[in-house]
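Next up, some structures in structure tokens.
Both of the next two complexes hold chain A, though its partner changes from chain B to chain C.
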Partner chain A sequence: MSTASPASVERGASLRLGLPGFAAALLRALIPIAIALVVGAILLAVTGWDPISVYRLMAQEAFGDWAAWQGTLAAATPLLFCGLATAIAFRAGAFNVGVDGSFVLGGLAAAWLGAELTGLSGWLLIPLCMIAAAIVGGLWSLPAALLRTRLGVDEVVSTLMLNYVAIGLASWIVNSLLLANGSANSASDPIAPQAQLPTIGSQATMTIGLVIALVAIVLFALWSTRSSSGFELRLAGLNPRFAEATGIDVLKVLGGAMVVSGLVGGLGGGVHALGVVHRFVDGFSPGYGFTGIAVALLARNGAWGLIPAAVLFGALASAGATVQLISAIPLDIVDVLQGTITILAAAQLVGLWRRRKAAA
Partner chain B sequence: MHALVGENGAGKTTLMRMLFGLDRPTEGTVVLDDAPVALASPADAAARGIGMVHQEFKLVDELTALENLVLGREPMRRGRIDWAAAREQARELARESGAGLDWDRPVAELPVEARQRLEILRLLHRRADVLILDEPTAVLGPAQVDDLLELLRGLRDRGRTIVFISHKLREVLQLADTVSVLRGGRLVETLPAAAADRDTLVTLMVGERPPVVSLAHQRAAAPAHSPAPALAAQSLGLVDRDGRRRLDDVDLTVRPGEIVGLAGVAGNGQDELVETLVGLRRPTSGTVAIDGRDVTARSVAGRRRAGLGFIPADRRGEGLAIDSSVADNAIAGLHRSDRVARGGWLKPGARERVAQAIVDAYQVRCASLKLAAGRLSGGNQQRLIMGRELAREPRLLIVSQPTRGVDVKGAAYIHGQLLALRERGVGVLLISEELDELAALSDRVVVIAGGRIAGEVAGPAPDLNAVGALMTAAPSGLKEAA
Partner chain C sequence: MNQILSSAALAATPLILAAMGGLINRRGGIVNIALEGKMLLGAVFAVLVSASTGSWVLGMVAAGVAGLVGGAVFTFCVTRLGANEILAGLGFNTLAAGLIGYALKDRGTYDPSGISVPPQLHLPLIADIPVLGPIVSDKDPVTYLTWLLVPLLAWALVRTRAGLRLRAAGASQDVAHALGLRGLAIRDASTLVAGLLAGLGGGQLALALVGLFNTGMVAGRGFIAMAAFYFGRARPLPTAIGCALFALFDAIQIRLQQDGVPTQLVSTIPYLVVVGVLAFAALSARRPAKEATA
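This part shows the complex of A and B:
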């Protein structure tokens, strides 16, 4: 098979199951979730918890009322950005797993500008911070994109490694250059009040960042299905040799997709800095970039699938945090569920990656 | 020493693969030392003393010759590899076979012939009694061929059984004791080499041809030539990553309104030539011009803009994105043209309109434009590709194996389209393993062997025996006149 790329995930589903594309995709996305719930239930039962009541409580905390929904959606916002960023690269057949790095550095850039340019009005400052975050995120993925397209260096390795460089770099900057006055705990100065993203709803963490994420996803949906370059992105991912033979510069598409991916990741970091954290702190991203990979995999790189996938992982994170507050249920159960879904969704990715290696 | 000969697709490699346990026969048995054996895997075959040298060497480039020799069979001493013993074994083998090697150099630095010698010694090290060699001389120059033949003869005299596949009848006749000829998956004849000559073998390989239902009879003479050739390749050279020369000083011209056939035994550079002409590979030397414009430095897209249409041999890998819809496949390559797009956006409905026009005009039978292209039959896939490429109105069409896996009716349709292109003054380069196809369609047939142009046979209805002789001629210096 020469279609070995993450992008072929989307279409392969309908072929193998003989179902209409949508139903098959839904089913294939639900299988990892179902298995994860079973695994979690077994663990809970073994450790003396009643799985049904734990799951009921978690569902309650994630979706029980409007406040719970808001918590879930707020938690889903960074995942929407990271999932989208990952999906863009995956679609082109570029295994960019470095979105976390772009997210962190984008957040740092936005937090720095937001704290620095206190004289500007919010109307100017917020877009400026966002643009800076996106540019920094895009630039961060440029080296890996160039290594891949110019020298053939595997982007899986380079982007994965650059994540740690990004996190270390951001940590060093926040502890030296940007350390807040009188602060000893690795945090930068808080951003100007007018740089904080306006909230929507009643909770502080659900901001217009969610709207920005949804707009970005709609734009991606339109771009990927209705533009010439979106068409190239898809063909390059589905069958690079074919794309090359029809005159598409696959390497250019691949590199471009990686940069756009970093751009979106950086934007996500900016939104997180201005909307939630209001400054930059060490440990800014608890692995949003990696959860984003799981989101993209579960969504099979389709634009619309990103939304339920991000909401699912957002729900797990949000419910996990509150469940732990009000009961003795260990937070680890959330990690188990999240991990199992990710592994099952990723199993496919690894298979595809190996096929690509074999084909190369 | 037993030689297997036959045309491409006659079943030589399949037979070898079964003897080596890579494929399992659906019927019949393999008899080894008078006992029937069922070979489950190459490891099984190796354990029974059968070893194979593939066309692509299976060596680890980074390791030295000695390390490669003992790889997987290292002499051990107290849990560690006993390199002194390994060296002794290597020396022993070299003495026995009369083939020396620089044991301490990494394989990557060894010349091709030394790598091949290493492959053979590796089999001996594994105590193989039956050696299978798939086209051992394909990669070698004449002097190296003589060395190899010497080595193989020595092994035979010491009781080894050698089975080899070759397209070069001269070597077969020099080396083999027995020759088996395959055609269309059947054993046509096995005869002692002493009783065979070149012409007998060619006739056996090619078979009694049915009278060619030649389209050549139906067509008018080639239209007047316009000044610029559709394709002009000059002294093209290509050296691959392993340092092997794949193309050597290839000159090729296709004039407008001319169909030029390219014939050659598989693996003699025709794939590389096509990729170089299309722009998928950069030549190491030489130039390519399409419709009078030098496109050597241009990408595939640039060459397509210069007037290139391309129908690749690998239909499902390069010709189509099999998971994508018929509509997407139909407009691929046109997706930035005015017909489908404006300002970087696809015009609403244009994709379906253009795709429908192609499907209608080229009689692609499909239930829906949304169907995945991979679900079409082989013939319909080829029509779709052909429609897409011809919709671009190319000045030059490079078409490789156009009717492979296509039924008779589909093939006739495709042939008709190619002839119609010729009438319209398009230059066509036709690469095919079907000699009948080449004979029926080509104004002339150019033969490639060992990465060089071995000669040319004039048409219409070129003499296939002459083509066959050029195809199987030994490399440089031993070419025979057409």
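This part shows the complex of A and C:
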């Protein structure tokens, strides 16, 4: 029982449209966003809000000034990591929906070390926490990768289930072993001050974590276009049988991609722990892994597309929270937009329109 | 012990309903990850209508219709717009949760007064049989109907024209087309049925099991139902057994929590069991993994 490969979303974007690849990708991303905004507008209008003014307010809160931009970029940072993690797996044809689990456990590992090794200097402590977070995230995706490659267990189900296990496991660890002194509400001790990521703006939440995320994306872009293993990854996802015939060990690529995907997810969790939360708490990830899927989908698993896609969802999250405070519009409007975008981005709208036209 | 068996039998019902829907859908060629969202829709409409009309039957009807409408949206995206079913399904779940949260103004509990819940039917004599009694007796009508559905579906898939056509369309769209069947329409129908059953499952969960609506109440049950039909290889009886096993582990973990074993750790058991069972099923089938990549 295998489902259509997630790599297929990038297949033939430029071929079918007859447009340059970039323009086609842009169009394919903008159409779902536009439709989702219309759906959201209808919902807002039906419930008695003026969609134009709500959207204007949201745009202002997300991009209005430098402080708003910083909020958006800070909210985009975990999404950059989760989107990248998802895109790596999807490219190889591995339907890894377990990035959330790696993110959570990576964050836990970084928060624990950051609070524990208080004697180390920041220069040593921060990299150490990051490496630990990445390793934990990678290890967490290993069982699902092995089950997939050795036994053919569908990774969609296993990774989905393991998310729940990761959240429960982290929650147990923080409540039993790492519970902060005098804290009743499922939080670990705060990390050492020198373990906090340096900020790169006037706001505390925008840290060098953003830079790390961007560097990771640049590395992914270079690797996937310039290296033979990056090419193999892509080939394995797009056409596994052909890849196999050319001598690529598809299963090895698939399993490797899932582990690297977990690694990047774990790193994202580490950045979030050291940069934003400064400890580990229950509910550490409000579904960043799932939003990461939407980000990868809008970017069609391409490296550069991840940046605008993550900024978009970061803007929605950041502005949505403020708008809820100001105008009592439920934050769930963000989920409505995100869900609609995901569904439509998964669809082949542009290709369909063209096929219809060709048939007419 | 009796209490665990009894609550497990009750808790299995929403899973079985959703899993039967997912199984039909799977046989028709679509892996339905959106069961989760449809159960949530079913649950909220069941509570809404049950409370406003005072009839749990109407509540269940509303749950089924809500699931059906959700299924229609989902199938339109998959079969007509060519959306990848997994990604569209995940999006659908987000959308359903978002819409419900938006409508309720806040995530949390929705507990209107006057909710009518299905009665629990006490079966004399049978109730006194050890082990079997607590499982079978004192259940709601929806649960009994669900138990009837499983063998009926097993029979229908093999013996009826509709079942054969469904399997043909699922196995190969080309073959179905060559046979003069409208493959896409069959897929649509299977997704609609999946939506209906998942909606009913959500309704039963809200009315018979819990008695109110909470935005987090489905809590991965749609995903468990999906794991169940993977485990049962899309055959009704093994799938239902998978659901029952999960419900049993769930009931045991709730009991363990009452006994002071750490809640968070124990709550992961059902999910670990699903992964373990899938691994075991794959081991025992032991097809070369390479086949699966092709």
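The rule is short, and it goes like this: the second predicted complex is superposed on the first by the 339 of 360 C-alpha atoms of A that agree within 3 Å, B and C clash if a C-alpha of one lies under 4 Å from a C-alpha of the other, contacts with A are read in each partner's own complex, and residues count from 1 in each chain.
Simple rule for what comes next: a residue touches a chain if its C-beta (ideal position, glycine included) is under 8 Å from a C-beta of that chain, and two chains touch if they have at least 3 such contacts.
Keep in mind the model is a prediction, meaning the values are calculated, not measured.
Taken together through their common chain A, the two structures put chain B and chain C in a clash.
By the touch criterion defined above, A:Asp249 reaches chain B but does not reach chain C. Using the contact criterion defined above for the overlaid structures, shared-chain residue A:Phe313 touches neither chain B nor chain C, since it reaches no partner. Contacts of A:Ser229 after superposition: chain B is touched, whereas chain C is not reached. By the document's definition of touching, of the two partners only chain C reaches A:Pro330; chain B does not. Once the two complexes are overlaid on the shared chain, A:Tyr288 sits clear of chain B and of chain C alike. More residues of chain A lie in touch with C than with the remaining chain of the pair chain B and chain C. Shared-chain residue A:Arg241: touches chain B and chain C both. Across the superposed pair, chain B and chain C both touch chain A at residues 2-3, 8, 241, 244.
Of all residues in chain A, only 1-4, 6, 8-9, 43, 47, 93, 95, 97, 143, 147-154, 156-158, 160-162, 164-165, 168-169, 171-172, 175-176, 240-241, 244, 250-251, 254, 290, 293-294, 297, 328, 330-349, 351-352 touch chain C in the complex they form.
For chain B in complex with chain A, the residues that touch the partner chain are 278, 280, 299-301, 303-304, 310, 312, 314, 316-324, 328, 331-333, 335-336, 340-341, 344-346, 348, 372, 374-375. Chain C makes touch with chain A in their complex at residues 26, 31, 33, 77, 81-88, 90-102, 104-107, 220, 223, 226-227, 230, 233-234, 262-265, 267-268, 271-272, 274-275, 278-279, 282-283, 286-294.
Residues of chain A that touch chain B in their complex: 2-3, 8, 11-12, 15, 226-229, 231-232, 234-235, 238-239, 241-249.
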